[in-house]
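Both of the next two complexes hold subunit A, though its partner changes from subunit B to subunit C.
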Partner chain A sequence: MAATTAALRDPAPAAAAALTFPRPIFATVAPHPFLQAHLAAPQPSKAPLRANSRTAHEFRRVGINTGSLTHCNGSAVVRLGNTSAVCGVRAEILDEAHVQATADFAPSTGNETEEDAERERDEMESLRLLVPNVELSTGSTPQHIPGNAPSSFAQTLITRVRSLLLSTSLVRLSDLRILYAPPSNPDGLDAEPEPQLKGYWVLYIDIFYISIDGNAFDAAWAAILAALKNSVIPHAFWDEDLETILCSDDPSEAHSLTLRGLPVPSTFAVFEGKHDWNESGEAEEADWVLSDPDAFEETVCRESVCVVVDCTVGNKGTKDGILKSLEKSGGDVVDRDAMKGLVKRAVDRWAEVEKATNTKP
Partner chain B sequence: MAPEAILSHLHRADGSATYTHNGYCIIGAVNGPIEVLRRDEMPEEATVEVNLRPAAGVGSPKERHLETLLHNTLRSIILTPSIPRTLVQITLQVRSLPDEDSSTGVNPSLTLLPHLLHTALLALLSASIPLSTTLTAVLIALPATNTPTASTQLLSPTAIELLRAKPIRSAHVFAFSGEGKMLLNESDGTFSYEEWDEAAEAAEEVCCREDGGVGLAEGIEVDGREGENLDDWLRSVVRTKVEQEQRWKSAR
Partner chain C sequence: MAANTDRRRINAPSGGTSAPVFAKPVKEYGYLQSLRPNRTRGPDELRKTFLQTGVVPSASGSAYLEVPTTTTSSQPSLIPPTSSLKIAASIQGPKPLPRSAPFSPTLVLTTTVKFAPFATRYRRGYIRDSAERDLGVHLETALRGVIIGERWPKSGVEVVITILEGDEDTWWGDSKAEGGAGSGWGLLNVLAGCITVASAAIMDAGIDCVDMVAGGVAAITGDGQKVLDPCPAEHQDIVAACAVGYLASRDEITELWLKGEVGADPDTLIEGATHAAMGSVSVLREVLLENIETKTKAAKEGSKRKLEDVEMTG
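And now, the complex of A and B:
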């Protein structure tokens, strides 16, 4: 209020003075030159800073708080700067009788071959045992007004989350199967009775955004990881007399999910600066790849890259990074060599997120 | 088998193309530059809108994701500042898919993506929308083997080849511009950076390297040179169309 009255009292500066803008006006009127001015500012010894005072390589610190929702099997609240998301995991039972076409049930062996992994993925996908949902229209950002149908951005986000969940095989099928071991083999033979499949646990994973300041995907995924790690599934068993699936009330019989690895995404945005040609006619390098873009940077950058790495496979920690997914679209600045640098940044980020998810809050 | 394309066959659209390859058939139509809704209007650029309709059923979030990828990629090659405050509307209808597409183990969005990009590009060329460069795209699949080497890569495989090579460890879609710059990459599965780099190398060779064309058009001669890359194929399609249209002019 005081600012507007001040502007009314003070008329526009004299025409002879250079045109200057206060920071927020500059950012709204000319976003591209605003960011360009920050990144291109001469600072001989230091790395260039973005408008949010981070360097180009710097990610925001991730804060995770788990177990705050009472009616979920697992939950997490994740803060990535001003982007914050809540994830709740709820488990419901799917009776085997309601499943249309059960795949040939084979009990999981100790060694997992590629064929087993493939079959497990097929089963999880066809039965829809993981149901993720993302809600952006919560008043978290002016681009998504509450009450509207899911926008194209929301639908893209949910598709990416779902396909990453399935392709990384993060949740083990064995954690979700409800088996029944009959006391004796119905065929009357001396052989060990085969366990029967009686049903599945279906996980409904819901993500709500409290606020979005860029990089919605990384925040959503971090929330899912933390919520799944926090999830506790009660022990379900088949009752022969009632001929139905019952759950045990005893928390000591419940099991948590043993996740397969820890895939962590890192999103980057490419800022194409104004290319000035120098005297010899070569275009000067003026593109920056910004880690973990915020909302302002996302409006100005066209090209984005998302690298998902998982360093839990080997025993050498971050030296054994395996890539789970790579997405890049919107421009031609990032080539194979630049991608190598981004994979390295993603591996470093993996270590940060791994520490955050494993420390008890 | 080389892909096939027919251009400008829809008379009510500004540009159109039907593209067929390996059992995938897609009809693309482009209308533009046309009037844009006030709320989508951009003062200094053209707005690009992509609509994708699947082979069966109505559009789902999967189609929205593909539309977003196509939108981002095509917007980077369309010269939008040259047609400001207009709309370039690209509609793609998937006419048919190979029967095995849903059981290959590779995400069906990935197998469809290169064909969508080619259809859209041909339709844009047919509509004479100003473009800064052409683009070509290819799918590379790395099956699960004990000794993964460059020779086990599947370049632009058919659905049956993918099914036979099951399980597939990772699948990669690359799109390159006419100058050889990487415009799009969607990679899924489990792979190391070295494997990705080799796949990118192979994709670049198939798409736009001179004297390339590994595994794409074996045994087919174009202008006397055996084995063309995708960029050459694209130019030959447009050249054939233009020659056909100009046949009366060059009749004498």
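And now, the complex of A and C:
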């Protein structure tokens, strides 16, 4: 509202000149032509810039800061331009007696097969060992005012995060099991006593957004990755005298989580240029695929693509990547060829994020 | 804890989980007491405060406050000795009230205080509990006294406070039963932090105020000593504490929260809290200056950028 009144109050320029608006007012009144004018601006020397002065292929720089929260096993603060998220990982113990579905405990054989991973995934999912949640109502955007139940956006976001956590098998079950090796075999045989399962670690992964300016998913995932990498799980053991699980507070006995690979999502938004808006009347194809959209771009783009790649498997860096997940919704602009290009862009992004997660602050 | 499921969130295992119990404090006599933190500051010395405005670009005003912990544990241990205070505040508005809302001649202030689940030693829930609602009401009282509400009729403003890490009520080693009357000291510190950070955010939002309100806490320990800015974990025997929302240049108090057995003379305690608030005021003043400097600089650069921009008409 304020924008339009300000425009009316502006003294009208000479009659010959067309009606002009200041930048923020143009963006508010006509967001679509505003972004199109930016992208279609004839700049022969360089690539067209978006309204946030990035090129269409340019991602925002990731800034990661880990280990700042006292009461967490692992934590991270991630900044993606004006989007910033805090992720705290907290480990609590699920006693074996409280496990409802008694899954058969199979000790890992050391060499992993695809089947093992599948079984692990099922066990983690049925026991709910990973509990991610997001909070958007922290005043991070005007759209999410506290006092309401989680919006559908928040629910979609957390479901996507959880399914990616499970489908990539990022966390190893062996890191979460609490085993007990009895000193002697109860059967009285000389055979080596079998380790017993006494409980699990449950990881509560909470993401709080301080500020949201588009691309909440990538920020959330980067925060989770960094926080999990930073996590330290205390050494837990079964105490025979007290008949309970106790932990050692000695940092040298604790172990960190060994993650499976490093899947990195890259989100793209497709901006469909309006042909009729072009005054010249030339029906030129004008669609742009924007990397890492901000909040303003998300409002004018319908189609979005999310590509998750992981290049750690072959140890060849960006030359050998695995596509972990692909999501696309809202339109039909991105075809098979365009998708290939997007995967390439996602692989380039992977290298950037990998560098950011590996550098210690 | 276990039975109620929340359909809109991811739920924990239905059997319930428990926080890890560390073996050494349970088994070794004396180890627990060796971990007890002690106050190394003088009784009038405040903890250092970090305050920054403009952390949420999409909000009209925002601020972040951090009071780092001063105690460092002597032994390496995974058990954190004391917690620090980390609070983020964001202001949405003032904006017009929805059509359905009744007419209001003044600004409608809504304050929400929420702890993050990882803010305290014991995990917090996702839905606001009574302590958080109580803090919200106290904060609202503190802010209502400074904002000139008549200048914003028919509008509302949301003050949203997120506590990423909060002060503890007692030292973790003292069991809750022993604490008895001592519970709830940490909330006073949190309230004082909330008042200061909300004040900075309001200032960043440019909402008209009569003065800057700042929070401060003072406490009386068992031996009758008055301490400013107490960290409850460092004092075993707090008998009374007081948090104020203080307007320094008008010498007024908008919010007063006093707990415990004060004795015959509550004035010294309240005065102590206002002294602590003066410390926050000096931080607020510096941040205000910084804020104005960056804003004027941004305005200058903004006009420069205009010239480079693409001409757009429509």
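Keep in mind that, in the parts below, the second predicted complex is superposed on the first by the 336 of 361 C-alpha atoms of A that agree within 3 Å, B and C clash if a C-alpha of one lies under 4 Å from a C-alpha of the other, contacts with A are read in each partner's own complex, and residues count from 1 in each chain.
We adopt the following convention: a residue touches a chain if its C-beta (ideal position, glycine included) is under 8 Å from a C-beta of that chain, and two chains touch if they have at least 3 such contacts.
What you are looking at is a predicted structure, and each value in this text was computed from that prediction instead of being measured.
Asks: Does the superposition put A:R302 against subunit B (first), subunit C (second), both, or neither?
Replies: First partner only, subunit B.
Asks: Does the superposition put A:S174 against subunit B (first), subunit C (second), both, or neither?
Replies: neither
Asks: Going by the contact rule stated at the top, is it subunit B or subunit C that touches a larger number of residues on subunit A?
Replies: Result: the larger residue contact count on subunit A belongs to C.
Asks: Regarding the shared-chain residue A:E327, is it in contact with subunit B (first), subunit C (second), both, or neither?
Replies: The first partner, subunit B, only.
Asks: In the superposed arrangement, does A:T28 touch subunit B (first), subunit C (second), both or neither?
Replies: A:T28 contacts neither subunit B nor subunit C.
Asks: Is A:N358 contacted by the first partner subunit B, the second partner subunit C, both or neither?
Replies: neither
Asks: I'd like to know which partner A:V343 touches here: subunit B for first, subunit C for second, both or neither.
Replies: first
Asks: Classify the contacts of A:D335 with the two partner chains as first (subunit B alone), second (subunit C alone), both, or neither.
Replies: A:D335 contacts subunit B only, not subunit C.
Asks: Once the shared chain is lined up, is A:I158 touching subunit B (first), subunit C (second), both, or neither of them?
Replies: both
Asks: Between subunit B (first) and subunit C (second), which does A:I245 come into contact with in this model arrangement: first, second, both, or neither?
Replies: second
Asks: Which residues form the common part of the subunit A surface touched by subunit B and by subunit C?
Replies: Common interface on subunit A, subunit B vs subunit C: 150, 155, 158.
Asks: Report the residues of subunit A in contact with subunit B in the complex, numbered from low to high.
Replies: 114-115, 117-118, 121-122, 150, 152-153, 155-156, 158-160, 163, 167, 302-304, 321-332, 334-336, 339-340, 343
Asks: Which of the residues in subunit A come into contact with subunit C in the complex?
Replies: Result: residues 1, 18-21, 23, 26, 30, 33-34, 37-38, 41, 69-72, 75, 82, 84, 86, 88, 90-95, 97-100, 127-129, 131-133, 135, 137-142, 145-147, 149-150, 154-155, 158, 162, 202, 204, 206, 208, 210-213, 232, 234, 236-237, 239, 242, 244-252, 254, 295 of subunit A touch subunit C.
Asks: In the complex formed with subunit A, which residues of subunit C make contact?
Replies: 8-26, 55-59, 62, 64, 69, 76-80, 83-84, 86, 88-92, 96, 112, 114, 116-121, 123, 126, 158, 160, 162, 164-165, 306, 309-310, 312-314
Asks: Report the residues of subunit B in contact with subunit A in the complex, numbered from low to high.
Replies: 61-62, 64-65, 67-69, 72-73, 75-76, 105, 107, 109, 144, 166-167, 169, 172, 177, 181-193, 196-197, 200
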